[in-house]
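Going in written order, the chains are labelled A, B, C and D, and every chain counts its residues from 1.
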Amino acid sequence: MQKVSIVGASGYVGGELLRLLLFHPKVKINQVISREHIGKPIGLIHPNLKGKTKMVFSSLSELETCDLLFVALPNGKSMKLMDKFIHVGRKVIDCGADFRLKDGKLWQQWYKTPHTKTNLLNKFVYGLPEINRNKIKKATLIAGPGCEAIVSILCLWPLIKQSVIKPAAIIIDAKMGSSQAGSKSNQSSHHPERSGCIRSYLPTGHRHTAEIEQLLNLYGNRPKVLLSATAVEMVRGVLVTIHVFLKELLSEKTIWKIYREAFNQEPFIRIIKQSQGLYRFPEPKILQGTNYCDIGFEKDFHSNRLVVIGAIDNLVKGTAGNAIQCMNLMSGYPETLGLEFPGLHPI
Amino acid sequence: MQKVSIVGASGYVGGELLRLLLFHPKVKINQVISREHIGKPIGLIHPNLKGKTKMVFSSLSELETCDLLFVALPNGKSMKLMDKFIHVGRKVIDCGADFRLKDGKLWQQWYKTPHTKTNLLNKFVYGLPEINRNKIKKATLIAGPGCEAIVSILCLWPLIKQSVIKPAAIIIDAKMGSSQAGSKSNQSSHHPERSGCIRSYLPTGHRHTAEIEQLLNLYGNRPKVLLSATAVEMVRGVLVTIHVFLKELLSEKTIWKIYREAFNQEPFIRIIKQSQGLYRFPEPKILQGTNYCDIGFEKDFHSNRLVVIGAIDNLVKGTAGNAIQCMNLMSGYPETLGLEFPGLHPI
Amino acid sequence: MQKVSIVGASGYVGGELLRLLLFHPKVKINQVISREHIGKPIGLIHPNLKGKTKMVFSSLSELETCDLLFVALPNGKSMKLMDKFIHVGRKVIDCGADFRLKDGKLWQQWYKTPHTKTNLLNKFVYGLPEINRNKIKKATLIAGPGCEAIVSILCLWPLIKQSVIKPAAIIIDAKMGSSQAGSKSNQSSHHPERSGCIRSYLPTGHRHTAEIEQLLNLYGNRPKVLLSATAVEMVRGVLVTIHVFLKELLSEKTIWKIYREAFNQEPFIRIIKQSQGLYRFPEPKILQGTNYCDIGFEKDFHSNRLVVIGAIDNLVKGTAGNAIQCMNLMSGYPETLGLEFPGLHPI
Amino acid sequence: MQKVSIVGASGYVGGELLRLLLFHPKVKINQVISREHIGKPIGLIHPNLKGKTKMVFSSLSELETCDLLFVALPNGKSMKLMDKFIHVGRKVIDCGADFRLKDGKLWQQWYKTPHTKTNLLNKFVYGLPEINRNKIKKATLIAGPGCEAIVSILCLWPLIKQSVIKPAAIIIDAKMGSSQAGSKSNQSSHHPERSGCIRSYLPTGHRHTAEIEQLLNLYGNRPKVLLSATAVEMVRGVLVTIHVFLKELLSEKTIWKIYREAFNQEPFIRIIKQSQGLYRFPEPKILQGTNYCDIGFEKDFHSNRLVVIGAIDNLVKGTAGNAIQCMNLMSGYPETLGLEFPGLHPI
């Protein structure tokens, strides 16, 4: 049993951490910190948790020592406070973007503002269990990946590692739910404008490009990732459609084998590729609330192109659930503890 | 640990029973019966369960003895097979409408077809734990209530029992999600027609009227229930807005007290009535996957009217979850076992 | 051809006025006023109008004399500026709530703030053409009704006028789209919170109650209107389900006759009551962009209750279209001019 | 004034032709043919047209001579009846796929069934006004393009014609609304399954690939089109995100110029590329009911990739509206006649 606290607990990632940790058999939540809602009961902000806990939000200045601190703050905020967090938490899992890249200059290039804690960058382990499991087990500082990065990397990593695709043009078309932009309203999240939209909001220049390339670069030769993001009508979920070009003609069977070998033992990865039924490929809607990353693919009969399809819930496998998966590894718990929810259908 | 089977396991209620029972610590699923999908793996029909079980669907003729049999068949089908079911299952929970009414003639009046098993009607206990808990504990045959009936009865029962409302005009405006019509497609469920609709599909004549009146009649004097049902854009969920007239002026405080006394100890009923926040009254969207029935109310300053608002997930507290709650009672398990999922937010 | 201007032209009602007036064959739009977007092209704020006009928004201080001024301002704003508007516009159609009630005290009771222009209240004609056509033709000042009021009054007026329903309990359950709350974002319109919700946001106390009662009172004896409003997942549209009690048993045929006599000549009212097809009763989704008010009904076999169902697009027949219908009457144009769009299906 | 008839008038394309033609000032609709709904009033099937026409559906055997015949039949049906259609209609516009490709073998390769009217293939003009305007003006037989093809070709044609992109890898990620699959329900269109889905239904092998390549091939050198289609939560609309690789570095200004020169005079093409506002790029939701094709683009700072974004309403510019645009050209009418609807916002 360990004592954990959450900073940024009133946002959507914070709420999802709370939902999962309240039912985690090895965790005692010590404090939930929110600048804005100090003293308010949790159920007022996270209505699904009404009746599940009597805790109220505390202020940052009250933050006490704990075994593990989850940080869910906006980009740029986390680096300002990280010294304090490291002092307070024996271990820290940062769910934001501040410590994902190893190179401060690269960070500045994509985030358009200088990185002020470059000395810490190499102390953080990139928290993707399927790839960095052993490092995570020994880590005390974790940088949780971005949600598009998680699903894209998991789709691409086996292909890059086996060196079967051309690295020069990896095209990722990401379809994003609205929760991904956070819990604060603004004009672009106004329901009459956002409802039913298929909005190309980042045709180019998506920041997660950098961390996908950084990770894949360890396994392949200078991959060039071209990511477009479109907001679609859903609240939770990411679907990526990835177009890659095969170096040489491979059968679907071979590609199956590559994925199976890579992920056979993974508790949270399912290869979804069915010839019948409605759910032949991954779909985010049935993953809501789950820690799964579903992956499927189809070989184009018309070209050497391979289309890989990946889906996650951006708030679970895309952030909070993945962070708890890291916590389980760091703590020697079963990796799936507290993350067993199978998802709903229909939904 | 008991051995349970499900007949009608490929429908939406069947799928939800499976989702819940697969994780129930005191249950071993013995057989899942579906006429249509014999031999197919469960994950093909219920994609959320892919990877969670290796069971396949069996045919009805293969049905074996079990401790408890869940029946999820269309109206009229269940009564034809009930003799067999009672023979096979030591206990039977029927999720359909066939054994909800005590009076075969009343059944015929609302369902427009004769009831052919009237001899069994009095052997079934109406499976609403919050009201019939003690009877359910001792029962071997349970008739699970209709989903609109469950939420409407729970909203009305404390008021009727305390005799504070006029029974002659209880107006229920029910907003229904699309899963309520079952898993078979038809022209009215065709997405371009059903999407975004606010469709008054049963302005009068809703069959659940009969069971609501039957139950309330035990506690009040000839209540007259006027139910209108509107299909709205959601998959799971029921919201009822109930307009009742108070016999005499009561303060909101008194009404609070009535509900609190009725439901204070209930694990699955929450009174939702907040003066701040976005979720001031019950909302079905955050109840998806949960066994909660949330109830709220507001007194009209302009008249002696009281508006009561109730919300459930039609597939959980409205059917499958409620049935498992009955099973827990019948088996001496903690009533909430396997039903702890708190729901998601945002969603 | 007349010269019209619009104050409050950047909001949703303003945008809808622009969409309709840009194509109106007898109108020249002179100025579009918006405090917030002065100098910006219209297509930036109303993206559907991009390429349709080169006009830009002007400031209120630039407002010039015109034949007819449309005012689409928030409640309370309009009364502050009405003297100026009357000075500038030969005729004025106010789309807001400020001049709908005849009694300043009643206004204060429902709107919780004093009315500061009570001297003007009796100079405004309540702009509901189907009921006040002759008064509107001669009017120079029009108060456009609220959207729930329009559809509710049109559903109820024939029944009240024929004195067939009990006035003491008229229960209106209104389902509202999100555009009804205006174009400004706030936390409750934030997509992850508002999407898919069925939110009982005004169980009692809805302000439109007052104007419905005021109007019906002219035709019946002290009608008591009990209005509940629920926000549902749509952008445009209102559906009202109205429960009334018949004084004596009437056949559906008689009710048909009452509606037919009342509305037979009305170009924008359709009685929708079909025994087959998917669209047996009114539905707001196919009314988007149209000026129709569709009305249907069903008699309860189980009681003396009648359920009346009405649907409109809140931004067209509910506001902007209805205002232009008034303009057509005031100007001696064909009543339907510029309002012919039939709506889309599927949608 | 010409006499037109519609075969296949009860489907979604048929209904949209009706909506537009009923208001077209130069058209008299002679007959509406539907095998399934003979004798039924149009408003029963197309509820938006209730009250707009008294016509009923006729049977195919009753089809009379007319000036122009619109054919909206499923793939493969049209070729069987085309001899009859050519005999009956002085001119024929076929909205289906049967006569889009010039090469019968290519047809068979993509449609998996032999083409039985290859002798007619070269007599049909590919009905894309922006590219084939002069041929259409003189044509008597028109093959209306597929909806994904229309928007993709219009996005790509200027770039291919100017030879600025590499033809070997044109990646089109198409997001499709549910109306695109037609008016007949099936399990995959069942609302609980289709609602909220982001479903990769044709990762590869989309048939429209063939007609896009056929057309572009006339202007460039063997373009290879790689099309993936994803079903998203909308009823009407297509959004394509197209990733292409520039042969050499071009500024956004140059690309602007290429599009402007290509489409400057086009009444139905708008270049949407704004630096502010919510609608910076094309979005299908505000195009519902309109004949616009909106096109935008963004140059990737990180690579030589260009992302082009196109949006249409699949039932208007994607089929029925485009067909009427062709009719206008073939008849010497103003090209925009009857197609002026600007679309709704918010929606």
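Definition applied: a contact is a pair of C-beta atoms (placed from the backbone, for glycine too) under 8 Å apart; a residue touches a chain by one contact, two chains touch by 3 or more.
What you see is a predicted model, and the numbers here were worked out from it, not measured in a lab.
S.K.: Give the chain pair, either A-B or B-D, that is connected by more C-beta contacts.
M.R.: Of B-D and A-B, more C-beta pairs in contact link A-B.
S.K.: Taking mean CA positions as centres, which chain lies farthest from chain D?
M.R.: If we average the C-alpha coordinates per chain, B ends up farthest from chain D.
S.K.: From the mean C-alpha coordinate of chain B to that of chain D, what's the distance rounded to whole Å?
M.R.: 46
S.K.: Report, in whole Å, the distance between the mean C-alpha point of chain A and the mean C-alpha point of chain B.
M.R.: Spacing between the chain centres: roughly 36 Å.
S.K.: Where does chain A touch two or more other chains at once, residue-wise?
M.R.: In chain A, 12, 179, 183, 187, 192, 196, 233, 235, 278, 283, 346-347 touch at least two other chains.
S.K.: Would you mind writing out the residues of chain D in touch with chain C in their complex?
M.R.: 12, 15, 19, 22-23, 44-52, 179, 183, 196, 235-236, 270, 272, 274, 276-279, 283, 286, 288-290, 340-347
S.K.: Taking the complex as given, what residues does chain C use to touch chain A?
M.R.: Result: residues 12, 177-179, 183-187, 189-192, 194-196, 233, 235 of chain C touch chain A.
S.K.: Note which residues of chain D are touching chain A in the complex, please.
M.R.: 169, 171, 173, 175, 187-188, 192-193, 196-201, 203-205, 209, 224, 226, 228, 230, 232-234, 237, 239, 241, 243, 245, 278, 281-285, 296-303, 305, 307, 309, 311, 346-347
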